[in-house]
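Please read through the structure below; I'll follow up with questions.
Chain IDs A, B, C and D follow the sequence of writing; residue 1 opens each chain.
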């Protein structure tokens, strides 16, 4: 059996540290006179950047995932939200997040739990999934019960997806106008003066960071794959936390160079690579072990439309292949230009396509299957996230029709009560065996 | 060449002794007790006794089913290989019905749907997750609530033409719904039909995930229940074939795989 | 019965009449009949004092069961059902008590019964019966303020315990004690589904875990689910447990340990709480009917 | 006569598909199915198309597994099941007005797997609390109108739109007047009857329906309902067409005096204020109407509306119907509970699925009613 050389990622620790200080910076923002805000990982984070260099955010989904990673704390969060009367079928990240407020505790990236949940100075969110706006509306309601008034602004982006032709101007305009009002709103609620130059910087950073991530994902087309999905989870997260910040751009530049080097030298993520899969939607965070189990069969997961397309920005080339989206002709110079640019950049985020058109997502997954030389797709029917699970059965359908082997499994990215590890592993290994694979070692 | 297939399910162990992919020399089954290896050995011995064969005349044994690991490389059976149920199911069903494209296997605790490809290979499959409400145990629990034997459930159901929906999704609550139905003086025939309908609905919705392509075969212990077939046909809107000894199909598949492995 | 075919889930049925009470010199005789999904209970009261009772398993026909359990409760009393002027039916089969003048839900009856058994300080009543589990908050008068019931999944109910008792071959009455016979608590079984939990327990037994350990793992999982329900309704002292499962020490003492709140000790058989509550309602309603209040 | 009218509503619901087929035969016009009450029926009426609402049938939907993962609400699964089973085979097209993801999924599955001639998704804004929503929706509606015109092959004129607006306004207004009779100490209609009136209005030609409601309005004052109203209940939730549940609860000694459902009051509460800019006026109505919780942020305006309704209609308690897996409504239960509690109206939530286990629910509902009446304060 052929074995590829492997190596630890060199920038691994830097990734860890960046993530660690992100949560600390938010916590300690006030000590240095800074501002802190909360919102989703998809919110237009470059807009609040115009308030100054000392503005720190806490994005809800990665925070919810961090909670999910520490099972004792998650259990307490769920208990608290259920005690408050919320149904347990709701978005698991959202329930984790509310639980943290209800318990009045804050968890850091390393699992350290701190007393008192640091309330944001304002909420800056956008809305595409049923839960986005409601998530923070309730967060705000919960804060208010604790005596903290948190103003909230939420931008509606659910105007459709530009599949074959660009969105109509009035749709872009609707989002643009909301952002434009949002700038004034930010000034009002923080009492700060808004700096358009910082905005332009942030928008440009975001565009670069999201292109870089697509470049990095593209490198995984190599055989053997230089990265596996489990590691990518720790790397793409930078984009969900601070896609608009210079640190993010710098880190992705470094990472890209390292991965290019790995490809040149034939360094593999999984030494036994002989079967390549991709997944879909967030994994059950408390059970990343499944990836280790997969390796025992020589299976490497190269990523997913989720890890590639949530942060990475892509386009179709005329020949039908999928590639990094083109850089706009020049850096924005004015507020208007910056806002329009970021709206136009964002509306075709791949991870938004499936909300509207199942065909669009199937097409993207098929592109990945082809270009990344994928043997099978593991679809996580994720009970914790209706947003990413919407239309997933249609995607399965589309893939099967295209002749791609698919393994669907049920779980929940943030509520371990809904994930059956032994059962899933048993079915997963059955799947691998039905694909003619055998376990390599115990 | 004689091979054997052993299918150790959640409830029953089934054994098929096979000669050259043609002759089934013997089959036997028995309850899986606390000690899996012991139960399996007993059933295995029963099969041997039916033929006057000895263990060492059997060239290769392949095991499948939930308890397959317990006899993997363990004497006296010494199963040389273990395979998941869906692979054995597909193989066995394909052997009996070469035109089969979809196999539905309903056992004591698991229901499975398998799409069969060329030469009896698995193309796609689905197994029920989390809730036992769509398998044989469900029927057994309901039989107990009705105070009838599980073999009587099917014949009872066939006598009824009423459609009473069962609301509860859970085995145990369904039991209480059955109790409520008894309280409201619904006949055992109608209740039994309602139970079969509910179970067929659950199995159908699971199988539909992989899609139904003709020919369709129903195997596993529950296939012996004559009351289960009509509602399943109706739900899936298709003809369904049931081989003669549906409970042994997995074991037969294992024996066939044993032969293939030897041939290589 | 041979050991092999013994049904470990069958709990003992019983009846009792207070020896030193006489119905001839009472004003009001009332009864409460609680037809649960698993257990049927009848309680006869003389002027609001517990006089006679019976508890048996619910059969296939609940009307028949209601008649049977009532007759049994009256067996040594020379009373006939016709001599009891007001009977309240409660429980899952409450509409099937043919001689009941009125039905009241088991929620109100358990709160009322708990108030009777434990006194006016009771604020949280947890009723764990055969097929559901109810957390009830009540006031000093025994009036229900709010309540929650578990749903959909039968994990965490008496019936689940019965299935389990059969599996590990320990009589249901001793199951709780067996589960406490461990040095340290194993992790709970992970499947909440009764059927799969059974399979999981079997796998644990096959791995060589002792019966006690497996019982502990099962009880713990059940207690965790009950605590989920309790936290949702909000738990306040005094806290009491009623219903048949209140007699399972493995459940009750784990509740105490994991909640940090000790349930009050019952003075009367907690499986009767619902029927007692019904008999008390019967008394009040009867007195109102005949103009006594 | 009144009873006959209610019977007619009932018949319309029970025979909705036959009605639609006959209507089509008779008029030779098109029928469009819609999923959510955010579809502006005004425009469809203007185009001489009959809009009918697609709802489920409360049979366990096994046929949807291949298309919708089972963690989505039963309405969306059950609706699709009806389509897959061919119950709506008379539809010429389907239209959805954006609300929740659940129904969007149904729309897309329908578009992909059930033959229809026309499928259109209107991106109704979610941010109905911003001033930009109305102008945006106006343009979105213009695009929809244009697409309809291409499909039917004729222009929809201003006077067509006026007619559409009139038809819808009149029907809503009439039904609102009927609702007034639910405020009485002894309401003149039961909750079930009110539900059947509104449900049927979503299934038949509004002109025909309005005629009947008008007649009902004339005769209702003389109606004497021979029943004790018992406890005055409110029912709150998303879509709810479970008539058996309504009936069962009302048989336990209670009357639903008001609802907050999109198959009830939420559907008919607001009218279009006619103006020169017809599409603008329609857009305004859909932006300003009592919102679906999926669009109701950052302020909880629907919760406030529910509180007003409870007060106006003197509800003693409220049952909250939570369709399992429905996120928008589920999220609002605690704030709703708090707000209603503050005016002395306790709530009890019940989780609904395709079918309702009445056995289990009965105990809960009865016990809830017992807590409201205090069991005549016997102790």
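Assume contacts are C-beta pairs under 8 Å (C-beta built on N, C-alpha and C of every residue); 3 or more make two chains touch, one makes a residue touch a chain.
Only a predicted model underlies this, so the values are computations on that prediction, with no experimental measurement involved.
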Inquiry  = Can you check which chain pair, A-D or A-C, has more C-beta pairs in contact?
reply    = A-D
Chain centre separation (subunit A, subunit D; CA means) in Å = 36
Request  = Provide the C-alpha centroid distance between subunit A and subunit C, rounded to the nearest whole angstrom.
outcome  = 49
Ask   = In angstrom, rounded to a whole number, how far apart do the mean CA points of subunit B and subunit C lie?
value = 38
Message = Centroid from C-alpha atoms only, then distance subunit A to subunit B, rounded to Å. What do you get?
response = 42
Request  = Could you list which residues of subunit B touch at least two other chains?
outcome  = 130, 168-169, 173, 176, 180, 209, 211
Ask   = Listing for subunit A: what residues touch at least two other chains?
value = 85, 393, 420
Remark   = Touching at least 2 other chains, the residues of subunit C are 92
Inquiry  = Which category does the touching pattern between chains fall into here: line, ring, star, complete, or other?
reply    = complete
Inquiry  = Can you tell me which positions in subunit B touch subunit A when the two form their complex?
reply    = 83-87, 121-122, 124-127, 129-130, 209, 211
Remark   = As the complex stands, subunit C meets subunit A at residues 190-192, 228, 231-232, 234
Note = Per the touch rule above, subunit D residues touching subunit A in the complex are 65-69, 71-72, 98, 100-102, 104-105, 108-109, 112, 121, 123, 125-127, 130, 132-133, 136, 139-140, 143, 293-294, 297-298, 300, 322, 324-325, 327-328, 330-335, 337, 349, 351
Ask   = Once bound in the complex, which stretches of subunit B touch subunit C?
value = 10, 34-36, 70, 109, 130-133, 137-138, 141, 146-147, 168-173, 175-176, 179-180, 182-183
Remark   = Residue positions on subunit A within touch of subunit C in the complex are 79, 82-83, 85, 417, 420-422
